[in-house]
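One chain, chain A, links the two complexes that follow: it is found with chain B in the first and with chain C in the second.
This part shows the complex of A and B:
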C-alpha cells in the first residue's frame, strides 16, 4: 500500500520542531542567518535546509491571520524531477519517497529547473542536488519521518495514504462545522497525487503554492523524445539541443510563477 | 493559588487540558513556549472546545484561537474583574458550588472597608497594610458566622459583588483596550462554563505573575474559577504552565525565599522565635494543616538526625529566619542584588542561572556582581554571568571579583527526578557520561559541603558552626541521588524503614522526611518502589487521561487536586461523562486518587460524602475556597484590585491609587523610573520568550540548529509606530528606558497594535529576553554590544513574592544611527 504524509496546516503552530528534527536526523548543518524583520529563517531552502516553515501574515482591518506553511519536497507521483534526470539518479520508490541517489547524481540541475514546487537545491560543495528524502532511511525501517515524530500538535502525520485521506476529510468536515472556509486537501489528486498532502485553510496561493501544480511541457518533451537520444547519441552534436532545452525549462518555470 | 485553595501548584495535568470546553490563554503562549501542551489544546478543540487568547500581541497561539483580544499589559485584573462582574450580573455562577465549597457565605468584620483603591488598614509610611480588619465575623464560641442565603451585605458574596460592580464593560474597554463587544463575547463564552457539566480552564505563565500585582492577577482568575465551579473537575482548574523543566520541583523544595520544603513557611525571626511559637501560628486547629508540626519536625530530623531531639526543639534554632536581610527586605531576588550592590553580601553561588541576562535592571545587577569578593558559576557554558567582568563597556582590570566556573553535567548526564507541570515527578536515568571534568550538581553540593565542614572543624573562631557540623549528611563517597530520594520520601528513625506515605509522619522525632509532600514516591529499594520511574501508558481509569501509572504526582499521586469538588455534596458528579470520583451509595468510585477522606484509614470503611462536603479544600483551615482571603495571607488586599504598572502611560481609571500601594520600589542610584506623564519614554514594553530559544539562551544560543532560526535580538512594533519613527522592516533600532538601552532588529507587524484607551492610544514594543553578549550568537553583529533586554526593565517588586515587574515598563524606540 502507498504511504503518504499529511501536513494539516490548520493544526500547525509554526514551532519549527520539524525544521530542527530534519537537520538533526539528516545531520545537516545550521546556517548563519540574520533577522530580516520576520521570524522566518533560514531565508530559503538550501542544500542544508530541506524543510522550513514559511510565515505568512494576512491583515484585513482588525483581523490578523498568521499562516504557517511547510516548505519541503511534495514527493509527487508524477515527479518531474524523476522524468528529467539524465543519469536516472532520481526514483519514485514504492514507499512513496522520491529520492535522489547521491552516488548517481551528476549535478546537472535539471531537477531543480523542472520541479513545480522549486524544491531541490544544488550543493556546489559536492556538485549534487539535495532535498528531503521523506526520511527514506527511517520509513524503510518501519519508523515515521523525523518531522512527523516531533510534531507536538499532530499537524504532521504519516501512514497509509488512504488513512491520511480519511483523516484529512474528517478534519475538514469538523472545521466546516466550525465555520472555517477555504478548505482544500492539496495533493489528493494533483500531479498524480502528492506523497505529501497539505490540508489548507486558505487559498493555495496565499501559502505560496501554485494553485494548479503542473510541470513544464518541456519535461514531457524531454522524457519522451530527447532523453532517449542521450542514451544512443553522445558528443557535441546533441549539445545545442540540450542548451536550448534547458533554456526552455527555465523559461517555463518562471512563467508558472514558482517561488 | 496557595492562599485561595491551599496549594501553590498546577491543579491539573497536561493531558487533562483535552477535557476542557473552553480554554482561556492569558499571560502565556503555549503554542510557542509550551508547544507540547498544545497537543492537548488541539485535542480539546477537536472535541469542540473553544480557545480564547488574550495577549498584548497576536502570537502563534493566537493564530489558532477562536477569539483573540489585544490587552494592554498590566490590566489583567481589570479584565478578570470585568468577567467576575459579568458572571454575577448575569447570574452565571454555579450557585450550589459556591454555597458549599467557597467562603461566599462568610460574614466579614465590619471594620473591613475599601475606598478609592485602598483597603482598610493601610499605612503609607512603610507602604504596608495592617490586616486585622480583613477577617471573618465569629460568634462567642469562635465559629465563623455565615449567611447561607448569600444576602447579608457583610457576606463575602455581597462584598465581592459590590467590589466588582465598578468593573463594567466600559471600564474594561477604557483600561485594557478591549472593545466592549469583544469583551462581552469573551465573558459570555467563558462564563458558559458555569453550567454544571461544563469545564473551563486557564493556561497562564509569567505573563500574569511578573507584575507588581502578580499574585492578585492569579487571585482574580481564581475567583472566576470558584464562581463557575471549575475547580477540582476534569478539564477545569488553573494551569500554571511551568517554564523550566524542574521549576515545580524547585519551589517544592523551598527555593522560594519564604518557604521551606513542602511549602511550610520559613520561620520569621519576630513571629516564630521558637518551635512553640511556630506551632502556635502555623499549625491550624482544623484542616489538614493541623499536621504541620509532623512535617516540620520530620524534616528537622532528616536534616540533623540524632542532633535533633525533643530536648533541643529538634534543632529548630538552626533554621535560618526570615525578617532580617538588607533593609529588612528578606531574601527575594531584587533584595539580594540590592544588598550585593550595597556591598552587604560577599559571595555568590550561582547555579544553573544566568542573572546577568535574566535579572531585571541588569546594569545594576551586573554592577552588583562587581562588588562581590567571589562568585561561583556552575553551568554548561561560559554564560554572561560567568563573564560579567568582560561585558561590553567595562575594563576587566578594574573588577576584583574572583570567579570560579564549574563545568556542569547536563540532565542526560546524571540521574535523578524532575518535577514540573501537573506536580508530576519523573525519574530520569543517566544516558551518557559528562564530558571531560564536568560534574553533576549533586557531586558539587556534596563536595562543597564536605570541604566547608572541614574548614569549620579546623577553625576555633567559626561563628555558629553547629548547623553545619551537626548536619545528617551521608549520601555515600560518590553521592547517590537514590539515597537523597529515600531521605526525601521519609523513613522511621529507629529501623530506617521507608514510609508508605506522609500519613505515617510523627511529631515526636520518630520519623525523618525531607519533604512531606513527596512522601510515598520512593518507598523502598525494589524495582517498583521508585514510583517516579513508573511508566505505564495503558491504565486510564475513566478515560480522562489521568494515567496514574506514569510517574508520580504529589500529593499521593493525585492527578487533579481538590477532586471532591467534582461532585455535589451527596457525591454525585456534576458531569456524569467525566467522573473523577463518585459516591455509588455505598462507597467511593475513584478514577483519581481521592483528595479527601474516602476511606477510614484505621477500619478501611468508606466515609460517607456528607462528612467531606463542607471541607473539600483540605489544605485550608476553613476547608472552603477563599473568594475573600482573610488576615493578610495576601499582603495587598483580600480582593484583587486593578492598579497601573509602576511605569505607566495612563492614570488608573479605577481609583486614585495609581500603583499597587504595597508594591516594593527600590532606590539605589541605578534604580531610575520613568515618571508618570513623562514624554521621554511613551511606549509600553513587554518581554517574552520564543519557541526557538530557552530562558537566557545560554543553552540555545550555542546550538547552530537553533541559532539559525532566531539569530538576532528583535523588537516587534506596529506599522503605525514604525511609520511615526521612520523605521522599516529589519532595521536596527535602539530601544531605551530610564535605565539603559538595547539594540534590536525591527519586526514591523500588524500582530502588534496600539491600545484604544480612555486617554490616547499607546503603542507597544515586544522583545524577547534571550540575548546577551557571550555564546555562538549574542543577538547581533557587534561584539561591543549587550543585546539583553533586561538592561531596560526596572527593580520594582510584587509585595508577596518579590517578583520583578518584567512584563510592563516604558521605553522609547528610535532608528539606530548608522
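This part shows the complex of A and C:
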C-alpha cells in the first residue's frame, strides 16, 4: 500500500525540530551561517540540509503574520527528476519515496534543473546530487521518518496514504468550523499525487509553492520528442545520402573527361 | 606559420595549416562529444567506455574544452585568416542565389545540372557553415550552462537541455551531409584530400570555385 506524509502547516509552529532530526538521522553536518535578521536558518536547502522551515512574513495592516513552509522533497508520483536521470539513479522505492542512488549518480545535475520544486542540491565534494530520502532506511524497517517522529505539535504525520488524506480532510473540516478559510490539501492529486501532501492555510503561492505544479513542458519535449528525433535526423541524413548517391550513378566528373 | 606557395605542381593552395589543424582537431572533438553525448541519451550505447557513464561525462567535458578553446585560440592567433573566412562566409551574390536554387536538383542528379560560377566558398558551403557555426555556438553556450547548472535559475535550465539536444540533432544531420559531400558524393568526393594536404588540383578549383580561381590567377592572395 502506498504510504504518504502529511505536513499540516496549520499546526506548524516553526520550531525547526524537523531540521535537526533530519540532520541527525542522516548524519548531515551542520553549516555555519550568518544572522540575517530572521529566525529562519539556514538560508536554503543544501547538500547537507534536506529540509528546512521557510518563514514567510505577511503584512496585514500593522501586524506581521508568519507562514511556515516546510521545504523538502515532495516525492512526486510523476517525478521529473526520475525521468531525466541518465544513469537511472533516481527511482521510486516502497511505492512512495523517490530516492537518488548515490552509487549510480554521476553528478550531471539534470534532476536539479528538472525539479518543479527546486529541491535537489549538487554536492561538489563528491559530485553527487542530494536530497531528502523520506528516511527510506527508516520506513523500510517499519519506522516513521525522523521529522515525523520529532514533530511536537504533530504537524508531520506519516502512514497509509488513504489515512493521511482522511486525517487532512477531518482537520480541514475542523478548521472551517473555526472560521479558517483558504484551506487546501496540496498534493492530493498534483503530479500524480505527492508523497508529501501539504495542508495549507493560505494560497500556495504565498508559501512559495507553484499554484499548479506540473511536469515541466521542456522535460517532456526533451525526453519524449527530441530523443526519437535524433534517430530521425540520423536516419534522414543517411536516406538523403542514399537518394543522392543513387541519383548520381553514371556521373562523370569533368576531370575524368565529363560535363 | 611558414607561407606556402599558392600554386604548386598544378595544384592550388586552399587551406592554410592553421585551418587544417583547426578542422581536424574540431572534428575529432566533435565526434567525441557526439558519442559521449549520445551515450548519455541512450546509456546502453555506452559500450566503448564499458558502460561507465561518469567517464563518458568527464570525457564530454574535456572534449568540450578543446571544442571551444581551439577555434578561439586560432582566431586570436590568426585574426586576419579568421576575418577573411568570416568575410567570405557573409558575401552573397546573384550567382549564389542561383546556385542554391539548383542545389537540391544537383544533389539528386549532378549529371543533369549545370551550376553557376562560385567564389571561394560555394553558396551551399556558406549556408552549411552558417548553420554549423550558429549551432556550435548554441550548443557551447547551453552546454556550458549545463555544466554549472547548480548556480543557474532552474526555469532557464529546464530549456537548456532541449536547446542542447536540438542543436545536436541539427548538427548531426548537417554533418552527415557534410561528410558525404567531402568523401562520397561523386561531384565533390575528392575534396577531403585538400583538408589533409591543403591543396586542390587546379582543374578541380576552376571547375568548382571559378571566381575564386580566376581571382587567384590574377594574383589575389586569399588564403
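Heads up, the rule we're going with is that the second predicted complex is superposed on the first by the 218 of 259 C-alpha atoms of A that agree within 3 Å, B and C clash if a C-alpha of one lies under 4 Å from a C-alpha of the other, contacts with A are read in each partner's own complex, and residues count from 1 in each chain.
Heads up, the rule we're going with is that a contact is a pair of C-beta atoms (placed from the backbone, for glycine too) under 8 Å apart; a residue touches a chain by one contact, two chains touch by 3 or more.
Everything numeric in this text was worked out from a predicted model, so none of it was measured.
Trainee: Tell me which of chain B and chain C touches more residues of chain A.
Mentor: C
Trainee: Return first, second, both or neither, reflecting whether A:7 touches chain B, chain C, both chains, or no partner chain.
Mentor: Neither partner.
Trainee: A:106 in the overlay: touching chain B, chain C, both, or neither? Say first, second, both or neither.
Mentor: In the superposition, A:106 contacts chain C only.
Trainee: Under the stated touch criterion, which partner chain does A:29 make contact with: chain B (first), chain C (second), both, or neither?
Mentor: After superposing on A, A:29 lies in contact with chain B but is clear of chain C.
Trainee: Should A:59 be classified as contacting the first partner (chain B), the second (chain C), both, or neither?
Mentor: Only chain B is touched by A:59; chain C is not.
Trainee: Is A:38 touching the first partner chain B, the second partner chain C, both, or neither of them?
Mentor: Touch status of A:38: first partner only.
Trainee: Given the complex with chain A, which residues does chain C contribute to the contact?
Mentor: Of all residues in chain C, those touching chain A are 38, 40-41, 43, 53-54, 57, 107-111, 146, 149-150, 152, 154, 157-162, 165-166, 168-170, 172-173, 176-177, 180, 184-187, 201, 203-204, 207.
Trainee: For chain B, which residues count as touching chain A in their complex?
Mentor: It is residues 31-32, 35-36, 38-39, 41-42, 46, 58, 60-64, 66, 68, 690-692, 703-714, 728-731, 745-751 of chain B that touch chain A.
Trainee: Which of the residues in chain A end up touching chain B in this complex?
Mentor: Touching chain B from chain A are residues 11, 13-17, 19-20, 23-24, 29-39, 41-42, 57, 59, 64-68, 152-154, 174, 178.
Trainee: In the complex of these two chains, what residues of chain A are touching chain C?
Mentor: Per the stated touch rule, the residues are 84, 86-88, 106-110, 112-115, 118, 121-122, 127, 216, 218-219, 221-222, 226-227, 229-230, 233-234, 236-238, 240-241, 243-245, 247-248, 250-255, 258.
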